[in-house]
Amino acid sequence: MMMNTIGKILTLTTFGESHGPAMGGVLDGVPAGVDIDLDELQRFVDRRRTGQTTGSSTRAEQDRVEVLSGIWQGKTLGTPIGFIIRNTDARSADYDEIARCYRPNHADYTWQAKYGIRDPRGGGRASARETVARVVAGGIAIQALARLEITVEASFSPVDPAELERVAKDGDTLGGIISCVVKGVPAGLGEPVFGKLHAQLAAAMMSIPSVHGFEYGDGFGMTDKRGSEVMDRFVKHDDGSIGTVTNHSGGIQGGISNGEDITMRLAFKPVPTLMRPVPAIDGEGNPVTLQPRGRHDVWVLPRALPIVEAMAALVILDNYLIKKTNEL
Amino acid sequence: MMMNTIGKILTLTTFGESHGPAMGGVLDGVPAGVDIDLDELQRFVDRRRTGQTTGSSTRAEQDRVEVLSGIWQGKTLGTPIGFIIRNTDARSADYDEIARCYRPNHADYTWQAKYGIRDPRGGGRASARETVARVVAGGIAIQALARLEITVEASFSPVDPAELERVAKDGDTLGGIISCVVKGVPAGLGEPVFGKLHAQLAAAMMSIPSVHGFEYGDGFGMTDKRGSEVMDRFVKHDDGSIGTVTNHSGGIQGGISNGEDITMRLAFKPVPTLMRPVPAIDGEGNPVTLQPRGRHDVWVLPRALPIVEAMAALVILDNYLIKKTNEL
Amino acid sequence: MMMNTIGKILTLTTFGESHGPAMGGVLDGVPAGVDIDLDELQRFVDRRRTGQTTGSSTRAEQDRVEVLSGIWQGKTLGTPIGFIIRNTDARSADYDEIARCYRPNHADYTWQAKYGIRDPRGGGRASARETVARVVAGGIAIQALARLEITVEASFSPVDPAELERVAKDGDTLGGIISCVVKGVPAGLGEPVFGKLHAQLAAAMMSIPSVHGFEYGDGFGMTDKRGSEVMDRFVKHDDGSIGTVTNHSGGIQGGISNGEDITMRLAFKPVPTLMRPVPAIDGEGNPVTLQPRGRHDVWVLPRALPIVEAMAALVILDNYLIKKTNEL
Amino acid sequence: MMMNTIGKILTLTTFGESHGPAMGGVLDGVPAGVDIDLDELQRFVDRRRTGQTTGSSTRAEQDRVEVLSGIWQGKTLGTPIGFIIRNTDARSADYDEIARCYRPNHADYTWQAKYGIRDPRGGGRASARETVARVVAGGIAIQALARLEITVEASFSPVDPAELERVAKDGDTLGGIISCVVKGVPAGLGEPVFGKLHAQLAAAMMSIPSVHGFEYGDGFGMTDKRGSEVMDRFVKHDDGSIGTVTNHSGGIQGGISNGEDITMRLAFKPVPTLMRPVPAIDGEGNPVTLQPRGRHDVWVLPRALPIVEAMAALVILDNYLIKKTNEL
């Protein structure tokens, strides 16, 4: 496997299997001299933890971030920031049966087809646990962006609590939509051909487990509009700056930020692991019925917010750095 | 600017401004010994040309592909395939006024913010004319995939011809949705973390001008379903192969192809250039009204089909090659 | 084949076979707004042409550079600079015999082993003619560096003209050493681990055909010295700047430039093509004797100077741009 | 900083400061299913440890490799192999004075010029301790190559023990030459333009601290020879395979391996840290004399052998994987 790295100048490489000794990552390219508050970072990572909201898994990882390099005396050194998060509450025995089967809507079958070998414990590297490393890295990026007065905020489409309980009782699961807005991005970020800012954001967001769709600005809603209906008129503000009256474009035109809020939406499919008997196949393709085991989320949207914010922050900070190379 | 290159092992680098001497590209990483039919390639590129369907621009480029390297005696050499397409029908005088203004929903303003300089003629490099180079490269990838019995086909959501005429008469424009299906992809393509097959496809598709949204499989339609409703049960076919009964997953699970059809949909915003007076601003931010000039499309979906197919083919072939490195 | 691209932020991609329609390249990442004098560029490229010095090939290419994008009205646009150089004086018939044989010290055999196919005409892409594209790109980089008061100059170890004639008469060839010095590089360029400035320079220089060795500063000469003998003492100059009294380190310490002249030396092997009967093998491994054909250099050092300068300039400018991303 | 990553398909990313909590790395792209013997790996890493040979530092790190991912039940999973090596014997107090000074022939000054901040303890990330991560990764690559019957072996130019003692007594240091040979490489590895196999090897080797020169085959020794003197005649062996009678070319022709032994030599400068008073400057450029502190090597060549072998192995295995993508 390759492509465990994302980014151009700011690069994040992650590693780790769900039930291995640790998850981890290396964030390279963070400029030197940036103040990093490790307590604040830990609190950001804690937002992703399980057991905090209705419908989330009862696997109770501490998710304690251990920074191994790149930050000294509260400041970045300009060197790669290596970090790990130990896996401590893994119950691998839950996965003995799964090791010999392919569950529907999981990566068991495709992973086997690709590598001919897999670590079935907790989904191995296919587990969404991999995203903890993204959240650590994104949390650092968010602190750097804050110094530039750029903020990232994600929110999820609400679900009726009673609906959630009913779904859980059925052993079923839900998906939903997460919106994300980035404020304070200066005009001029993004590479106008293959590296369009929204193309980079799409790649980053679609790499989050369970995301099946991405749109920015008015997105799919623009497809049945006329050009005149989605036109963002320019306006000169009182302070002399230039903006647009509306923001159908989602803050990006021609792949480059225009200074307005960057807005996007992500479609999450329902959690694939049901807590009821599920039809699967064994290694020879024979049908089997799997009994529910392990600890799983009914609904991941609240836990996914920091993941979405992390990916947005990584892309924006990377493009902020790229922008510096546009002039001699 | 950087990031005029896309791909990992199969890489496409493009260059060219709309009214410069030529558009062009370099496709590197095509395996050696692949038969390429240059006439077939030219016919594929011709599908993108203007003036062929109602509602398309009357700019009449010949778009004659000139291959400069990498193909000899009808076969690829394994060396980079360099090619150019001359720009012959450019009417740069149409753009004198635009050079001093920022049009709404165009890249004029953002480009200026990024580079401090731009070639305004025909939109310069921000023009969708850049995509001709993608179609050439994609056409080569399609021929390589055909030898592997992998096919790519895009189609657009239909528009009532009378509606199109009415929109054109109003000087207005339309968008729409393009669907794309890739058939014959073996199980095992795609990199399961940041390089998920659908994340790569999303990045490639979102880099096409005017695309505002991407989804694969059931996409946004999955967000209000339960997990049990979108489960793709595995089945063992009579020939012993394994497949799924339904394909909500769009042929990709855990970021890796599962052997089913890969399905995706793209949201195109309406063409941004209207053929009627448009409110813009000049370089100082003062409002101006632009009179329509140049030759533009009312609706780009038919012309966009080969672009979509090209991008899909480039991503799939790249991942086919990457797959070869999974075992020693 | 991949890796026809070099550089990180400033990237050069080249293409072209020796007897194909054209050589060419794409230089991406040049900042916007840099003045480029195309006549000066042509003169730089002309320094690489044949037929200008004793001992060089009589193939008389015009090597006229055709810039297709990225430069407009004498300035860079920040977009990729695509360019081609037509091949006009190719005599492919000279290569009929070679197509069926493997010459010693050439790439015929290894190329065949790698790709299973090759364009034998003039060595195809293995020809040193590929370097013309590097010289074009490097010439642009040199003009950008000049604006930063950074200069690059290569020189070769002298050869006695009578020796050169004697060697030519014997149908034999020579190699030699090229030295290169880069002046005016500010302290702080280079990436201290895998991207050490001298490691990048080594990779760039070793990619020039016939180069068999690279050293910087005192290089191999340091291996039999003691640490105390090669110590570059720091000194504070009258203007307050810091420098070193000696420069055994060749202007680079810990992989990062220190502000002193960057010095390096390259070992060129003798030209592999002799103008006398040569023992080779055919495709089945049977010995054959090849009669000299084609037009070849006895000695390439004078022609190689602009190639060496080009590669140095590309690396230095790339690192100058990378340096900009070290702070927020 | 970026470029803490090396390789194309097989990529190694390293992190860690000399006196931080740990050194570490991520080796991505190792094919799935390769047997890895972790004890053998530890023994390979132990070869780099200090205190084993005359003249090496007395810093006594255990250098215990902790593999965190990517290897399960003795086999690679195809996922990234994350690993760390704790720093346990760091005496940071030794570096208080150095924190305010720039030592000659060290990276103190250049690092400060680049980042404006540095971790002075033990040289921070500029320390050769970074190479422990390379040795871990290289040790894994060596085990993979062994399965392909490819071996790597480095050796150093001998030094008279009495000379070494005398140098140590003087508080002085030595350098020297390390030779490396790779046996069993099949013909066809290497990318013939910018990615010539020897260019990749040069970049890898020149990135090892203290290396000032690289040559392959007869290297600098070819520069005063005639072409006829360094010609490697082809020969058909009894088993039908093709080889060369001599190997002036060092196993690489046109940047591609030809099946012969790959031979190269590296020039190591003398260790920069002397154990006697040394002239330095403080932050304002005023001369100061530094008294020797810390624990340092007089001579690093024996400890450098596994580093050289590691870098060679990483490059060769990467190119072995790249080669797989040459055909459809």
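Should a chain be cited, it is by its letter among A, B, C and D, assigned in written order, with residues numbered from 1 in that chain.
Simple rule for what comes next: a contact is a pair of C-beta atoms (placed from the backbone, for glycine too) under 8 Å apart; a residue touches a chain by one contact, two chains touch by 3 or more.
Just so we're clear, the structure is a prediction, and the values are computed from it rather than from any experiment.
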Which of B-C and B-D has more C-beta pairs touching across its chains: B-C
Centroid comparison with chain C (C-alpha atoms), farthest chain: A
Distance between chain centroids, defined by C-alpha means - chain A, chain B (Å): 25
Approximate Å spacing (C-alpha centroids) for the pair chain B, chain D: 43
Geometric centre distance via CA averages, chain C-chain B, whole Å: 36
Contacts with 2+ other chains: residues of chain A: 1-5, 9, 14, 29, 32-33, 78, 114-116, 125, 322, 325-327
Residues of chain A touching chain D in the complex: 1-5, 9-11, 13-17, 20-24, 26, 28-29, 32-33, 66-70, 72, 75, 77-82, 84, 114-119, 124-125
Interface residues, chain B side, partner chain A - complex: 1-6, 8, 14, 102, 104-107, 109-111, 113-116, 125-126, 130, 157, 167, 170, 172-177, 186-196, 198-200, 202-204, 206-207, 209, 212-220, 222-236, 240, 242, 244, 248-250, 252-259, 267-274, 276, 278-281, 285-287, 322-323, 325-327
Parts of chain A lying in touch with chain C, wherever the complex brings them together: 9, 29, 31-34, 78, 144, 147-148, 321-322, 324-328
